[in-house]
């Protein structure tokens, strides 16, 4: 696709959790917990507060469509601040300095006096009903020449457990939000810039790693389309797909708009009660429903069922809107007869509403209240189709498609967090902030200075275990041994079921020292680490996995093995080396280095052959 | 450089960008600007240029209609916010008081009653005084006399229990007089104000007939407790369920969101007394909290005060060294009452020597009266009764449920 | 008419009968006679005739043998009774203190440790003073230095939490220092003394390494709670479980009768610090409990005291009218710290105007320190550190677990 | 039996609950509750406190033999005082005045200054471990010339629910304890005096009525016997039986003692472990036991099994002692072979212990600790048999037998209740106490003044409902109607299942007024009261059960009935009256007075006959 031609414009908003000791506005650890460890729960309702204009924010109103009761899980590692039962503590200094460091890495300008704001969020993910956020810096640059507009320091939201239940462990973890301008023009460029932003963040060594710790929102529009914000793209690899699919969706919606206009299509605003019509229906869903409403879309025939993304139609978009009222979905005549609804019933429906084959009818079946709400949502979305692409916040679906989430927030509903005093960022603070080496630079250095091959150098630089590697090297471990053990061995034994998180860095380095000093064989490393992961002491693990075999003992073992197989050895000559290696290694169980064994074995074979 | 006013549109040149926003205020030497994104930033004043002064925003007049068939409640405000509005343009939060505003902020209220509102004061509750309690009592009494089905008093939570106890002593009421506040500010979506307001209105039309405090019963939005005004104490600085009945279970609960009321058999019922007011208070009363090593010089001198409430240790003790000083006060006519800083349980000065010495010099046992309530009661008794023997009798008797003959099991 | 002495055998002619008994005392104008049936009656002195004066009763010497293989505990008594004996002849109750007596009264103790006892004071705990805290701290420190596995301090319950907090600030201890008392007198079969004593001895040989209070955790004889000395408060006048940890869960529990100890991860472990003592205290400190309408004249004058702890309302407030007076004090060098009379929760003076004004004049936020503990801490900090900035820092920092950065969920 | 000859001496200690508004030392109501209404529970251990002499009271020590955990039920009508969690309130003035009134009725002398004492009781029935009691008065007289020694005001103990669980509702109800001297000489005299004491107490109108509200303890001794205190005789009718049986028991024990002495019998102090002997036993109990101990009683043969009260032997007395250690019972050779123990095993036992047929062996089978304890208890009781009758506190068994409970308390373990201030009983108080009319005097008065027959007069005077009767009469109700309704009707309808406690006195009197004024017929009273018991209003109940029939209506009804049966009437004449009464009464359903109906009916019959 020619993205220049369709006028693709995209920007990124990246959210990265910071790996600080404490949360942003309380002194709790930034510790993620298993939900089954929760120590208690409570529940709350949230209410959108009225604005000066007597209005409630659109997005907020949408969240309030049904009375929602939120349940929260507490932990022994959360406190009254997460419960919205205590004023926040002062802004976490460690998080502030870290976010300033990131800002400096992007060449941004810090705000002289940082003011913490409350941003309304009433989807339950914030117990207070708002997210605390502070604008820290503005105006940075990207390698593609694009602009980073803002860097904000925010508190992370609570994690949804299921339904309306949230877990408070994550709430309040510091987060930097970096917003670029819409300065990217192809899906690949978006992916590349997202990758770059992530790399810079990780270069600080102080950001959280792992699933969910970094989330990208992508803003996308094409010419004639509209700004769409896709929330929560967690995997970098999907970023490009999301952009592609969204561009496709906008193109299709524009095409549909054009057709509807040319057909002079229209939307009948008042849903019609057709409950009676389906009194004898064979459709299980319709039979169950207390109320069935029909929305008449004149001239929409065929377009409601038109595919706009793989597997998604205009009807799916309408369904997304309707679901906000608590219904399971909708039916439309473009896909009927189906779901137990017969041709006769469809015909009767058309007759009853006075529509023709050119028109489409959408059915909503639910309780009276829900059906009314959902039908009006269908009307709303159908009308938007007449205008083309509606501005929306959308969520990513697993394959890169997106679904409607809520309207774009209007002017952000923000007001000052009066419980947190403003913080002055003086020049002296800004000036002393040291810039960490970028991971890319570090990879180059590992290759040139430490002699790692390029692939391994990059791999270790970008690894979560980079600090372990750097410490190992600084303590005199051979860089390649350290890198191989970290990148290879640890992964292997984890695959074998060992809990590598139980291996303290000290022990890891101790093991490598012992190997380098010949006290244990390289071959024994996996077994030793496995034992350490289970809680065994280092020396005990080495003793058990690699009972130290002296060179004399080793010699005796090898002599014995070769002598017992003298005939075989004489027959095979040096070709006996490989088979006998296995025998010897099994005997010494990893307590001797393979190179040493092979050397001794070779000599013994020679001795026998020569005897 | 122009003088900027809150709300002025400005353009700031900052970090190489031109940023449009609204001037809010000067703070700690910086100009606080609300950017159009909603963020406030503090920048040097010189970076910002005046653009225009927008005309004042006119709020749409959206008057609400009250259902005349519903019972009539009076809401008296002393400064606690039952509803508030945020100006997102400036971020300012203003508390709302007229009935229209309240009903728009808390639409559920309109289904419970119709409302008349009266703003008596707008003060932080730590600035309350006995004089204000008297005005409040007079206002409450007037609303009762005017036929209100119930009276709601919105109040800051800090000293709400003092005020509610004071009104309880001063006013005899046949209808519920409900004190309500919020622990978490009304401008936040999670505020306890909505639920507390709905529950307090429900309690105010209920069969209750005494002065009570209605606040969250738990940290959840599941129910409010109805506390007897003379037995409630703020027991947490910030939690929603900070208010706790001490020594007795709450008078009842209002479930949320069902708004079902469950009154205990002990709750005084509507119509149990005729409206009356005796608003005199003798402010010459002190509450003194005893601790080890506290010098007797911290006691008022003979004749300095008319009444002295001691919050003693344990069963009601002060150090032996205090006894002669207290005797001097008592002999000079100061009425002295002993309560316990344990808060829970009953004063009993018959058990230990110190206590018996205190009884001997005429100190009155406060039974299980809370120290703060004892102070309020002392002011009221001394203000309304001049005969020392009758004072003693009144102070030893439960007037408004402030002390009980039996200690229930809960701690 | 002979002068009668307690214990004299008498014959009383009363109601037409001759009654034999023992003269006890004169009370309210009557001679109190203990009849041979055990009943006391008060009769006119003239009805009784002296019979004889029995020789003093000699208690059998039943010395108990202590098991030298057990850890050694020191018991320091300040007046709380861990054991007592009743003289059924006169009905007199005497508190017991030497190790033999204690072991005979509470035989279970001998299986836990061997004991050395020291009677420091015999006073009611309301008569404690900072000077006595210092002597107590010195005695505790000496026992630690002498190699005690643990130290038990028996103490009246009224001000036990003050004393335990004071010792906690003054003494660094690698071993448990356990304060224990009883709420129900040791002379009754239902007394909590036995279980409290057994649990405190168990706690004193446990892996704990800080100053703690060990008392009943519930009204049942099922377990004792181990409370951190700086976080405990007597919350009931008379219940066995009056002592409660405020703001944190107890450091642990000792189950009864199994005497299993369960320490929380937060409890400081044995050997975590070197023994040390800094017993200086600046007694020129006051605790003032604020209430509405409290006149500023109740404040000490400028220069009157070195330290002032306020127990303010809610998040830590006093009336606005107090602020200039407090400023005057602060300017004259009085260190002022704010705590909350809510007891639970955290002071936060950033939220409301009054609070911000208080911060501006230099009042220190007491976080979640209990008012009483803040007073003791103030005395200790001002006694040991003269630099105002360092005083502020120490007062804002948790020294012995008295304040925490995080507020847990419980109320 | 010639009681004079055997030297019977008996005294009574009577405990009567007072019907005061509040308890003796707290302000809780004196309300008995159903245990299932309990609001909570807690548990405690009690410990005997050491005396000045380093001794623990014998009775107390016995209670402590096993570590006992007591559980207590609380109610919303109990408070912290019952929980032993709060100092007692001052002595209840109402109870004090009432006990002084009783004292005055017995001609006693009040104590000038009443001192409340603590009396040790550690069987769990008092949460504090003591019972508060105060000596109020001394030296009264009985009609038989005997002496009342003391009157004490005490608090009632907690009621045992089962095992070691107690209910706190009863704890603290005021109780008077009246102790007579041992001034009675025959069982009948004891019964008579007990009855007299009860009558005087009930004459106050302020004592509790019903099961358990009054309890008699009886002290009994015969010449050569010992003082035995039998606790808790609740029914007056059993008092004489208990005295008779105890006299019999003491006679038998003296006889046994004499035989043992003549046989030179002796008790071997050290129990012998015979566990091994029963390794292969067929006895289920022995097989189960971890330890079997034998106690050798030389020369006891036949006497251990000798019956000393119907169904009870000396062995039973030993068993009672042994049970204090938690064992279920004992075996003795006087009753063996039995219980699966064979003759061979008995023989082996004798062989093993070196005993003969003249000796008795007692077996105890239990855990080692319990068995040791129980065997020593058997030794103790056997030795006491050599001396005759041991002084004991015994409990009554259902048929009038008694069983060992605990040793007699020694010098009462009492010390002052320091939490309760002494009360001065001044002459002015004593003088103004009015003496209530005795029930016996009242019965006479009802007979002479109100015209009740003697039986009914006595019945109503002694009835619990005496106050209702007196009020009814004072409000003008015919005494006989009132007494009949109270003694007859109420009992009847209760038998029919009505809850008569639900009938307020006001309503009861209202109904009688309506009957007397002719608004309802006497015959309708039971039905009306039944309805009122179910909560119906008086007037509504009268309307439903006895629709008021005017004299005219009644006349019409009767005329109709008689006319329809004119032939029958003419035939039978006046003899038709009785059959027709039934017909008419059925028709008017109790709404007319039978006397009126009969009068009218007679006239109508005459009319018809004469027509």
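Order of writing sets the labels: A, B, C and D. Residues in every chain begin at 1.
Here is the rule we go by: contacts are C-beta pairs under 8 Å (C-beta built on N, C-alpha and C of every residue); 3 or more make two chains touch, one makes a residue touch a chain.
Please read all numbers here as calculations on a predicted model, not as lab measurements.
A comparison of the A-B and A-C interfaces places the larger number of contacting C-beta pairs at A-B. With centres defined by CA atoms alone, the chain at the far end from chain C is A. Separating the centre of chain B from that of chain C, both taken as means of CA atoms, is a distance of 33 Å. The centroid of the Cα atoms in chain C and the matching centroid in chain D are 47 Å apart.
With centres defined as mean CA coordinates, chain C is found 55 Å away from chain A. Touching of two or more other chains is recorded for residues 219, 237-239, 315, 345-346, 348, 409 of chain B. Among all residues of chain D, those that touch two or more other chains are 80, 83, 85-87, 418.
Taken as a contact graph, the chains fit none of the simple arrangements: neither line, ring, star nor complete graph. Those residues of chain B that touch chain C in the shared complex are 124-131, 133, 156-159, 162-163, 219, 234-239, 241-242, 244, 283, 286-294, 298, 311-321, 340, 342-348, 352-354, 372, 375, 409, 411. By the touch criterion given at the top, residues 22, 26-28, 39-40, 74, 76, 78-81, 83, 85-87, 89-90, 418-421 of chain D touch chain B in their complex.
Residues of chain A that touch chain B in their complex: 42-54, 67, 69, 80, 83-87, 108-109, 111-115, 117-120, 122, 127-130, 133-135, 137-139, 150, 152, 411-416, 418, 422, 424. Those residues of chain C that touch chain A in the complex are listed here as 315, 345-346, 348, 350-351, 405-409.
If you check the complex, the residues on chain C that touch chain D are 14-17, 19, 27-28, 30, 32, 34-44, 57, 59-60, 62, 84-89, 91-93, 104-105, 184, 186-191, 194-195, 218-222, 237-240, 257.
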